[in-house]
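Next come two complexes, and both contain chain A; in the first it sits with chain B, in the second with chain C.
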Partner chain A sequence: MKQLNRREFLKTSAAATAAAGVGVSLFPGMAWGDQARDGLNWHKSVCRYCGVGCGVMIGTKDDKVVAVKGDAENTINNGHLCVKAFYLPKAVNADTRLLNPMVRKDGKLVETSWDEALDVVAKNFNKIRKEHGPDALAFYGSGQAETEETYMANKLFKGCIGTNNVEGNPRLCMASAVGGYLTSHGLDEPAGTYEDIEKSECFMLVGSNTAEAHPIIFERLMRHKHANPNVKIVIIDPRKTPTDQVADLHLFPKPGFDLPVFNAISQVLIAEGYADEAFIKAHVGFKSNDGKLGDLESYKKFLEDYTPEKAEKISGVPAADIVKAARIFGKSKTAMSMWTMGLNQRQRGVWSNNLVHNWHLITGKIGVPGSDAFSLTGQPNACGGVREGGGLCHLLPGHRVVANEQHRKEVAEVWGVPAANIAPKPGKHTVAMFGALTDGDIKGIYIMCTSPAQSLPNAKKYWKGLKEQFVVVAESFYPTMTTKYADVVLPAAFWSEKEGVYGCTERRSQYMPLTVPPRGQARWDAFILRDIGKRMGFEKEFAKYETAEIMWDEYRSLTAGKDMDLMGASYGRLKKVRGLTWPVPTEDHPGTYKRYTKGDPVFDRLPAEKKAGRRMYFYGSKTNDGKATVWMRPHMDPAEPTDAEYPFALTTGRILEHWHTLTMTGTAPQLNRAVPKAYAEIHPADAKKLGIANRSQIVLGTRRGEMQIEARVIDRPAPGTIFVPWHWEEWPINVLCNDAFDPGSKEPEYKVAAAWVRKA
Partner chain B sequence: MPSETPATFTRQQFLRGFWQNLAAEVQSVSQSLQGDATRILLPPGSQSWQHLLATCTQCYKCISVCPHEALRVVREDADHREGYPAIYPLLSACQNCPDMPCIEACENGTLSYANRHNSSQTLVVDPALCLNGQGHFCMSCVNQCPVGESALKLDENGLPEWNTAACTACGICIQACPAPTNAIKIQLEEAPCPSPAS
Partner chain C sequence: MRLKRIQFSIVLIVLVTVALVVSCSSLIQTGPAAPAVAVHPEADFTRSCVECHSEATPEITAQWAASGHGKLNYGCYICHGDGEAEFTVTPATDNCVACHSSSAEHLEDVAGTGCFECHNGHSLIAE
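Then we have the complex of A and B:
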């Protein structure tokens, strides 16, 4: 061993110390990172980020979260994590954590006690309720909140205060997918699970940059295709993305003009004999756009307007490519479609979803291993807390709706409140809610675990309401774009500091333990809501909720016997296993892989005569015949097509390294260095015409605002399209987005707005 | 490094062993860091460090015309490249200007289009530092490579793999790497210049 002289040792020991701080081994024979793992307590949990639901192990030492590693036994990710998850400890321990309650006094937020803060909230909420009625209050929550937290909010607002103005950011994200499942299948959420991935021969990735939005799913796709070179992957997206690494074919529809392409694929599937007529006969009904019953013949007639040639005229996608895509899908024995915001964040998001469902329903590629129409959920608990927990203005827990009297009775009974407390009419959906806040019809709002000032479409329009009305923000980080409007800011315990359940994309509910005490004076959101309820006068209604388990068990009781049965998913069991996919009706039931078919306990319970001659029964079907529905959805232009004055289609999205409004990923210097700021992707041909150089400053604007931003000249967005990631407060691109929304799902059309671009 | 601990050992023996191991680790870490602590890349269009050191007149025209301030004067350097132009990708990577003002400005052809892709320097990943080598999934370098798949992609083990024939050694990948310790190394075909007796 070469001897170090003293100078060399001193010169490099500083560097080594830094290296040691990140896990370089100081002890012989140990692998990188092992030294950091020594002496730590490891806790099985779930990632804080996306809807994939990766299992993570949280390493703690002396009441501090010091490390995160993948849970090798979790079948979703098999120990792998994306780069965001890797840096979660930095978020937990960040300086930007909100540690003390604050109340606005003389225009400034000042720290105060919990007692005062909760008092201010309760008094103001009660005053507003008394003087203006319960609908002058609202709750806006999140698909990142735990199921127990949303459950408490639902009870407080719908069951006690008496308003259905309960919404959450999944309205901006998954509502169209929900609408698609409800209208195509009759019930929400996928029929299959991730298990279908390694069994599938074909993947249609539609409006999904899977490599960056659902990285661990993408990794599974990549490995699967590498191990099985016959696997075919078709991408339908106006933009080339890192997902293209695995593409065999890529269709580039003009943004907002893709519905004809989806119909044309169905047209080819039927015309070229890929339809499974026996499956259709037994399992599929047809409806025209106005809801009238049709049949296969009327569907074929409808599709005459959507030949590949006609679809090419509207969408810009070459007819030959549409035919190719359809043949790939049709020829494959099994096929999975996966989609996310590209289909959902549209003014005809539900229709887009329906049209992708159609491919699977007409070919029978559903309900068998390897085949499914599989919507990718964005947030970690949009499914569990909001879609299943009923955290939207028209829903009640356990897939119930406020409009149904029997549903109101069932929920009220469990909540211990009079059924009359729950209003029968849906409350205001998100865009309407913030519109009402702006108009002053809603005078008080409680915002939890989300930053609508940044994330709402046409965001600037809604800042006025946030400024003028009484706003309570429960948040783990400070400041955010939304806290600056708050009258009260409540420090919420963060991931790893609270126990609770997250339910991910594949119907899997997973338990997260409390691993370290909440920092500073932060408290668990569910207890905050409980205590506000008590202070507002609902003492007996909230007295019982001493623990998370009590909340979870009460919520679960509302799922007994339903399609989303969680009676077999007690905390005791969830702590031992890597989650359970519902329906899981009993403690010894393994959970359900495929719904609507043999093995699904709800299907298995059906009387034999219902199941005779069919392999699937869509027991939630609104046609009451167990059949799924193929919808004849026509093309509709986006709300704001391009024109001479606004010749570009602006579309927004996310990137691998960052999450949403940067409260969490922004705490990791390595992630900030990897991608430090926003940019606008522009095609080289467009850049050349406008004289725009790579990395130069440009200005881009829509009817709602304009912004200076750095150009990234790159062959990714198709010509005529601009792409901007939405994470940075300094480049609040959502101000430029359109708040036109799908009339069915009420989900806004983030994915298309008409824009102009010029050199700065 | 002892492969087995003796049944009994004195405190002094333990401490000596500990500090020896520490010194060894520090040295090896420092070497790997130092080799890339400067982590500098050749200016675009260079043939090799040897060629640059032999022919560059240090006129600094390339540095002055770079619109992205990606070219800098080397200050301290263990390989004696002080005073010569280089790219420090962790500070500011080359942005692959299509019109290459740096090459255009070079007075004597030290930088030339012919050398746009050369094998004198290659980028490689350290699997022990790369997140993909740790059983995770990262694509930051691949996603940000301005050339694309032909220059940089994940290999069958999921590790990034560079193709010298297409790579422009701009360093954007190095800047993008979000691993706790930057996982991308610069390998030189030959040392920049013969080192003085050590």
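Then we have the complex of A and C:
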């Protein structure tokens, strides 16, 4: 056979396809008959979906996004894509894109000019501010917004308007992980990176359906285990999921009753000699639940109350399995724990996180290749834009907090505003913010790139506030459940139509280019916020932001010398490389694989005497001794334990094919075909008791309402548990979820609600 | 049900054959031929592909389930379309390369003209 070069091959295959002409387009976003790939421009970018941060190449032609493919040079995904990313061009080109500004007149949203729309926003916000004070206004953003966009919102609301009522949907997914890192390690975000995956012998997947929520990470896990059959994978989750294909052991705790299991694993680790006492002595401090200092002996005493047998009684997990899990972790030379919403979306989310961190701290399985306590992030820029960028009510950019006077001064100086503009008291966290909107204490809100009317827990409770107050929604898609309540709707440029930076789970910041002009009249969110600021009277404060690069450079100046130093991550450099993992203090610094140890520039700068006799130094430690903290967290029931009236535990989550509120994945017929509607998974034993047949209609109820939905009788959820994916507006399951929240992280307990079920 | 399955299989075989013949003949053509449009047999489109095909084509579904795509739960739609708005019998190589861009070099190495020259369409095992 003749040897074909790549160009010939591609041309041949394109011709073959055109001739065959049997349906599926070469490129998911392309129209029929427009399949020639010659002449496409390819742009290095980042996936729009989850927090993994996969590299994608965007193919454009004639100012249109027509294709996407995996970026083979990006080490996160090595050219692979999951099913959602494959169909991204369909979202860009969807008929549901919002193309024009709209203002509500006589009860109806009508198209208008940008000039009028921005004026309406500015005048109403100024009126509310004048009549009711700055705290009558609020901003609610997104972990999908770019860092530059969140940065502009922060400056407008915290620095100019003067309110810390700045929140974002990462409060609903990652806040407990933040709380866990801050209290256990002293600083937010993981010590390691994805590079640990292929170096690890053991994985503890806790409250994580990795196969569906983070498919490319799962693929790496699967390949790693396939190549190294001795690698062990333990899953702790109330539900069997596709992730179980790689599991060696699965522990099924009752939803909300897993804390004793985590403590019991620690108890076995110590009792059976897997603890690294030398590591503990040099690197670890102990605290009781009320914050009092303890030691290894008091920790052992605390754990006496958490034997595997006692944990079995509370959680339902067999004691023998708890011991097995602990031995797998303890015997492995290296171990990675990975978790997501199953730990975070809990009334005791921070405690749950702490207890997983404990395993690594007492065994020294951290700070070395292949070992880490690694939280998986749900959204593409929850870490970069919101956690690092300070897009929550208590934060300021660069891992700073509003309560710290020095931090306020530093930020105010860079923003060019008086330090007094930034209030020292944290604003209202998400649940409180929408509560205040409903109570009328907040009278105007700007919602960007998210749909809280569908996504909030106990969502219906907050619709009143959205209906009654002045609501601005900046969105790329229309309609959403939230735009129904909007007074002004602003069309936002979508992924590929704007440049900016996303920072993913592993501390990696990656640049995304503008590849095509925004569709219709859509504009970049950061420019919309800038222009509203100017119209509100902050002309001088927003005069200089002519480009995304100016915003990024100003933001990264706030990271100089910080634990999350991005001074070496200029646009010029980010455009060439596949992202940089901070700290990256200079243009010639390669980025940091492991924090708190040799090779981390912050660690390397520490005086030698501090590092003497230790391989790690947790430099964010609140006790100023460089030690991480093992917390003695007791068990606490979920806010709504099951009872005779509500005998089932309702839990919700994502599926592989869909994303959040379907604005993007709902544009791909293929993904809609794969999972056309919502369903409630129920265990066959429960279904039998209730006389429920597969695919029959059931009614599901909690203390907040009820919903009719199709039953899927399947042995995935443990008996007594019901699972419903949350994506569909027609089945807005979050309406039934509990809005009780963690007192530390303020993250709501989506994962456990007491429920009843009956045949429809 | 059995009759329905046989009818489905016959339609599928015909479609595959037509597509392959047209596809292969195109390799020696100098210009594109008129497109032959494939139509998915009538089905209950309120169900997912896999749900229906585990009854209609259980052997193929089992092959898929054991494959890399099956393990990742990347369903029928990723190669064949949704069956209504878009449908193909033999997916284009470019579709494969979009998600497997790191395999482009491999394709050159084996001098293949399409992934399915070597890889079974559903088990994806190289034969």
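Just so it is clear, the second predicted complex is superposed on the first by the 723 of 760 C-alpha atoms of A that agree within 3 Å, B and C clash if a C-alpha of one lies under 4 Å from a C-alpha of the other, contacts with A are read in each partner's own complex, and residues count from 1 in each chain.
The rule we apply is simple: a contact is a pair of C-beta atoms (placed from the backbone, for glycine too) under 8 Å apart; a residue touches a chain by one contact, two chains touch by 3 or more.
Being a predicted model, the structure only gives us computed values, none of them experimental.
**Q** Based on the superposed arrangement, let me know which partner A:Gln245 touches: chain B (first), chain C (second), both, or neither?
**A** In the superposition, A:Gln245 touches chain B and chain C alike.
**Q** So in the superposed three-chain picture, is A:Gly79 touching just chain B, just chain C, both, or none of them (first/second/both/neither)?
**A** both
**Q** Check whether A:Ile714 is in contact with chain B, with chain C, with both or with neither, and answer first, second, both or neither.
**A** In the superposed model, A:Ile714 contacts chain B only, not chain C.
**Q** Just to be sure I read the superposition right, which of the two partners does A:Met57 touch: chain B = first, chain C = second, or both, or neither?
**A** second
**Q** Tell me the contact category for A:Glu219 with respect to chain B and chain C: first, second, both or neither.
**A** Both partners, chain B and chain C.
**Q** Under the stated touch criterion, which partner chain does A:Arg673 make contact with: chain B (first), chain C (second), both, or neither?
**A** Once the two structures are laid over each other on A, A:Arg673 reaches both partners.
**Q** Between chain B and chain C, whom does A:Gly70 touch in the aligned arrangement: first, second, both, or neither?
**A** Both chain B and chain C are touched by A:Gly70.
**Q** So, does A:Asn694 touch the first partner chain B, the second partner chain C, both, or neither?
**A** The answer is first: A:Asn694 touches chain B but not chain C.
**Q** Where on chain A do the contacts with chain B and the contacts with chain C coincide?
**A** On chain A, the residues that contact chain B in one structure and chain C in the other are 1-2, 4, 9, 12-13, 15-16, 19, 22-28, 33, 70, 79-83, 86, 211-212, 215, 218-219, 222, 242, 245, 656-657, 670-671, 673-675.
**Q** Enumerate the contact residues on chain C facing chain A in the complex.
**A** On the chain C side, the touching residues are 15, 19, 22-27, 29, 32-38, 45-50, 71-75, 77-95, 97-104, 107-108, 111-114.
**Q** Can you tell me which positions in chain A touch chain C when the two form their complex?
**A** 1-6, 9-10, 12-28, 33, 37, 57, 67-72, 78-83, 86, 211-212, 215, 218-219, 222, 242, 245, 656-657, 669-677
**Q** Considering the complex alone, what residue numbers of chain A touch chain B?
**A** Interface residues on chain A, with respect to chain B: 1-2, 4, 8-9, 11-13, 15-16, 19, 22-29, 32-33, 70, 79-83, 86-87, 211-212, 215-216, 218-219, 222-223, 226, 242, 245, 655-657, 668, 670-671, 673-675, 693-695, 714.
**Q** What does chain B use to touch chain A in their complex?
**A** Touching chain A: residues 1-3, 20-27, 29-30, 33-34, 37, 67-68, 95-97, 128-129, 131, 134-140, 142-144, 146, 149, 153-154, 156, 158, 175-181 of chain B.
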